[in-house]
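Labels run A, B, C and D following the written order; every chain starts at residue 1.
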Amino acid sequence: MNLKAHLRVVRESKWFSNLTTIIIILYSSLLGFKTLGEIENDYSLLFQFFDYFVTVYFLVELIIKMAAEKNFFDFFKSGWNIFDFIIVTVTLIPLDDSTMAAVARLFRIFRVLRLITARPELKKIIDMLIGAIPAIVDIVILMFIIFYIYAILGNFLFEGVESGLWENLLISMLTLFRILTFEDWTDVMYEGMEVHPWSWIYFVSFVIIAAFVFYNLFVAVIIGEMEKINSKDIEDEIHADSKKLDLILKQMEALQEEVRELKKH
Amino acid sequence: MNLKAHLRVVRESKWFSNLTTIIIILYSSLLGFKTLGEIENDYSLLFQFFDYFVTVYFLVELIIKMAAEKNFFDFFKSGWNIFDFIIVTVTLIPLDDSTMAAVARLFRIFRVLRLITARPELKKIIDMLIGAIPAIVDIVILMFIIFYIYAILGNFLFEGVESGLWENLLISMLTLFRILTFEDWTDVMYEGMEVHPWSWIYFVSFVIIAAFVFYNLFVAVIIGEMEKINSKDIEDEIHADSKKLDLILKQMEALQEEVRELKKH
Amino acid sequence: MNLKAHLRVVRESKWFSNLTTIIIILYSSLLGFKTLGEIENDYSLLFQFFDYFVTVYFLVELIIKMAAEKNFFDFFKSGWNIFDFIIVTVTLIPLDDSTMAAVARLFRIFRVLRLITARPELKKIIDMLIGAIPAIVDIVILMFIIFYIYAILGNFLFEGVESGLWENLLISMLTLFRILTFEDWTDVMYEGMEVHPWSWIYFVSFVIIAAFVFYNLFVAVIIGEMEKINSKDIEDEIHADSKKLDLILKQMEALQEEVRELKKH
Amino acid sequence: MNLKAHLRVVRESKWFSNLTTIIIILYSSLLGFKTLGEIENDYSLLFQFFDYFVTVYFLVELIIKMAAEKNFFDFFKSGWNIFDFIIVTVTLIPLDDSTMAAVARLFRIFRVLRLITARPELKKIIDMLIGAIPAIVDIVILMFIIFYIYAILGNFLFEGVESGLWENLLISMLTLFRILTFEDWTDVMYEGMEVHPWSWIYFVSFVIIAAFVFYNLFVAVIIGEMEKINSKDIEDEIHADSKKLDLILKQMEALQEEVRELKKH
């Protein structure tokens, strides 16, 4: 057994992915503890050491996974590998500039996301969600068109109001997003009705179209994709039954043919 | 190949609908940019030119589509064509009156909606929603009856309250719509309970009946229509299987008949 | 054809139920117009006349329906008839006492509900909802238990708070109902956390158990009942297919028997 | 019939579980009445007596159920029995310390939960929910990861804000939970936008990812589990049909074999 095969065994082994999981959980916990300000100062050296260790561990893990591939570039054929590669490499870049260093430090938070790549059952849900995008994209485009028209209309009607919620297109869209979540939407409406008494039509129609109809259409697609996975087995069985019926029909005809031949004797 | 056939090729071609899509997106973006006030003044000439261009383009597109039809009036057989026709022609009407001109200018926002007619995949979702109306209409009527009764009752009970949320039937219905979205509904309730301490029954029963039961019934219909499209294939297969079974049964009988005849020999 | 048969023809005729529908809609509109205070005084005589007319019409309609029954008491076998009977008769009781008269006048609002009995398609939805009660009742009991325990616990923990939202069991349950709709629930929580800093566990657990899990269970049952109606056809077809298969199996055996007999010859 | 068999008859009898149900309901009502402060003093002796009675009754019931088992330890094989055992025994512990006594008294509220163990139809729903946990656990883990990353990010970005909503990891997660329920989430956003104008991306992305996508995924699983129970019958029928088809195919072949033999004659 050569090195590549050895590495492949390591890569596929349960203990390796479990070890990675534990290290990420420990690292995530430490990131959390750091937010409790006082503790940070006492343990900052420990944290700094653990941070280096995780950086090295992730790098070694990445190299093992790359080396285990038959062809080096095969590694980049999987979206999850590219995702890992970016998260691991970005934090490797040495930074002197303090602003950029802060951003790089912040970027380490996304290492928590590596928990997803380490657990196949979590990857499956994300893959399912990505698979649902084609089914969702048209509804999202339609929602965007509705948002866009209402935002321009809202900006046209309520540009001058004191709260400044309709100042320009972007802010108007943010206000409409807020209305979509029903968050204090009547406050926005009552303010608008002071300028145009009939503008409740604008708000009520938006709530009905965007929140009642399109939001639920969006939810229906997500639920539908989830159910598709559950009902796959039964659909496969119905397909199989259909094929069995075709087979029965064919044999039936063959049998009739034979009986007819029998009669000729 | 005559002119009509040529026009039909143009109408069905991918590049033609893609060109229309791009022009609408550009025009929509410009409408959006106009809301960022300062920019408007510098580019207003450019915008005015583009506005004329889009008006002409839409007109030409409409004429091509009309001319491509075998019979001129066939064009108006499709609801989508009528929709396009209205959006294109309304902005053509010359207006001197400044108020009407402002409305006409506002109407141009709806040109963004033409994006739906240009993309068949978006048209399909809207067609599905329109197809769901018969299934929804009875639930909407029932909801309206519930709203109506609660609005009259609310007006009767809380007409005098300071906030004026129950002043007349229309305002009462708007207040009930607000309660349906759970938007600060307890504020309305606490105000009502100051007048009639037992009026929490009115509000809680409305929330349970309208928001918990009927709103979810409405959502269930939308989700059901969405699912119907997904489960159509499997239902068709079950129908086909049923017919195959009938065929097998018939052949079975024919076979038995033949075997019986064989026995008589 | 005797009188009973004549009445039955009237009762079943489309124009009779349409006439009733129109009268109810007109009467409902008038009830609505009355809320716009100023109009009331000018038209009060007209309204009073129409009110008498509707009272008489409803009475006549009720008598026709009763007389059309073979046996008088058969009329009360339908829940919808009892519902109509109560609404029609209650407003017939003459009242001198001004307070009771106001209540009787208020009761006339429920005449709008007679629109449901006049339209079979609306009756069907209500019947479906009543049919869903057995499926929902256990979830409602479980929700009530959760509400009850949390209400007593809430009253124990936060009885003294300034807002008085946990004063006694009933008010505590109303507060919990408010939290179920997410209406300013964090205000209630932040107030509670001032008394018991760890009480966020109480609120978050209630939101997760009652709103996330049980509310959605409740919604799932409603959606399920709605779908059951839609999927009934396909289920019936699968049942029919199953029976056809049994028949084929039986005929198969008969055929084999006959072939075996043939061989004996 | 020995004692064990007698006890088993008692345990399975309808009147025994109905008696338990009634006692729990009475006890629960009394717990509720106690919250109406004034009443407590007058009836406190009665309540104390009833409390003793319920304690004894629960103990006797527990002993009957234990004694009815073939083997004593079989009793603890059911999770519901362990649940009952804990609720009954904890309130038996004698407590002198006043703080602990208050906690023990509070613990008696959970006796209301024994209503679930007394009614099989309620137990079934809870069992179904417990059965849904494996299907939900991965989505909950993913949601936790999203919460965790956003909480650390939120603490990093908005730690200094006046409201103190992002003070540390725990408070940040509570704030995010609040945003998940859309409760005044724009107030939190507008405060954040004062520090970082572009932080609306943080809030809007969280609402879309956590509330729109993952919350609905969570709901979809609950609805799916509920539906699984409903659609079990039809799935079983399809399985049965599939087996019938296999049988028909096998008999078909046997028949063909026999016909072929017939021909050889």
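Assume contacts are C-beta pairs under 8 Å (C-beta built on N, C-alpha and C of every residue); 3 or more make two chains touch, one makes a residue touch a chain.
Keep in mind it's a predicted model, so treat the numbers as computed, not measured.
*Asks:* What's the rotation, in steps of 5°, that superposes chain B's Cα atoms on chain C?
*Replies:* The best-fit rotation has an angle of 90 degrees.
*Asks:* Please flag the chain sitting at the greatest distance from chain B, going by CA centroids.
*Replies:* D
*Asks:* Please report how many Å separate the Cα centroid of chain A from that of chain D, as a whole number.
*Replies:* Each chain's C-alpha centroid was found; their separation is 28 Å.
*Asks:* Taking each chain's centre as the mean position of its Cα atoms, how many Å separate chain A from chain C?
*Replies:* 39
*Asks:* Could you check chain A for residues that touch two or more other chains and list them?
*Replies:* Correct list: 182, 184, 219, 223, 227, 238, 241, 245, 248, 252, 255, 259, 262.
*Asks:* Name the touching chain pairs, would you?
*Replies:* Here the touching chain pairs work out to A-B, A-D, B-C, C-D.
*Asks:* Spell out the part of chain C that touches chain D in their complex, as residue ranges.
*Replies:* It comes out as residues 138-139, 141-142, 145, 148-149, 151-153, 155-156, 159, 168-169, 172, 182, 184-186, 200, 204, 207, 211-213, 216-217, 219-221, 223-224, 227-228, 235, 238-239, 241-242, 245-246, 248-249, 252-253, 255-256, 259-260, 262-263.
*Asks:* Can you check the complex and tell me which residues of chain A touch chain D?
*Replies:* Per the touch definition, chain A meets chain D at residues 28, 31-33, 35-37, 106, 109-110, 112-113, 115-116, 119, 121-122, 124-126, 129, 174, 177-178, 181-184, 215, 218-219, 222-223, 226-227, 230, 234, 237-238, 240-241, 244-245, 247-248, 251-252, 254-255, 258-259, 261-262, 265.
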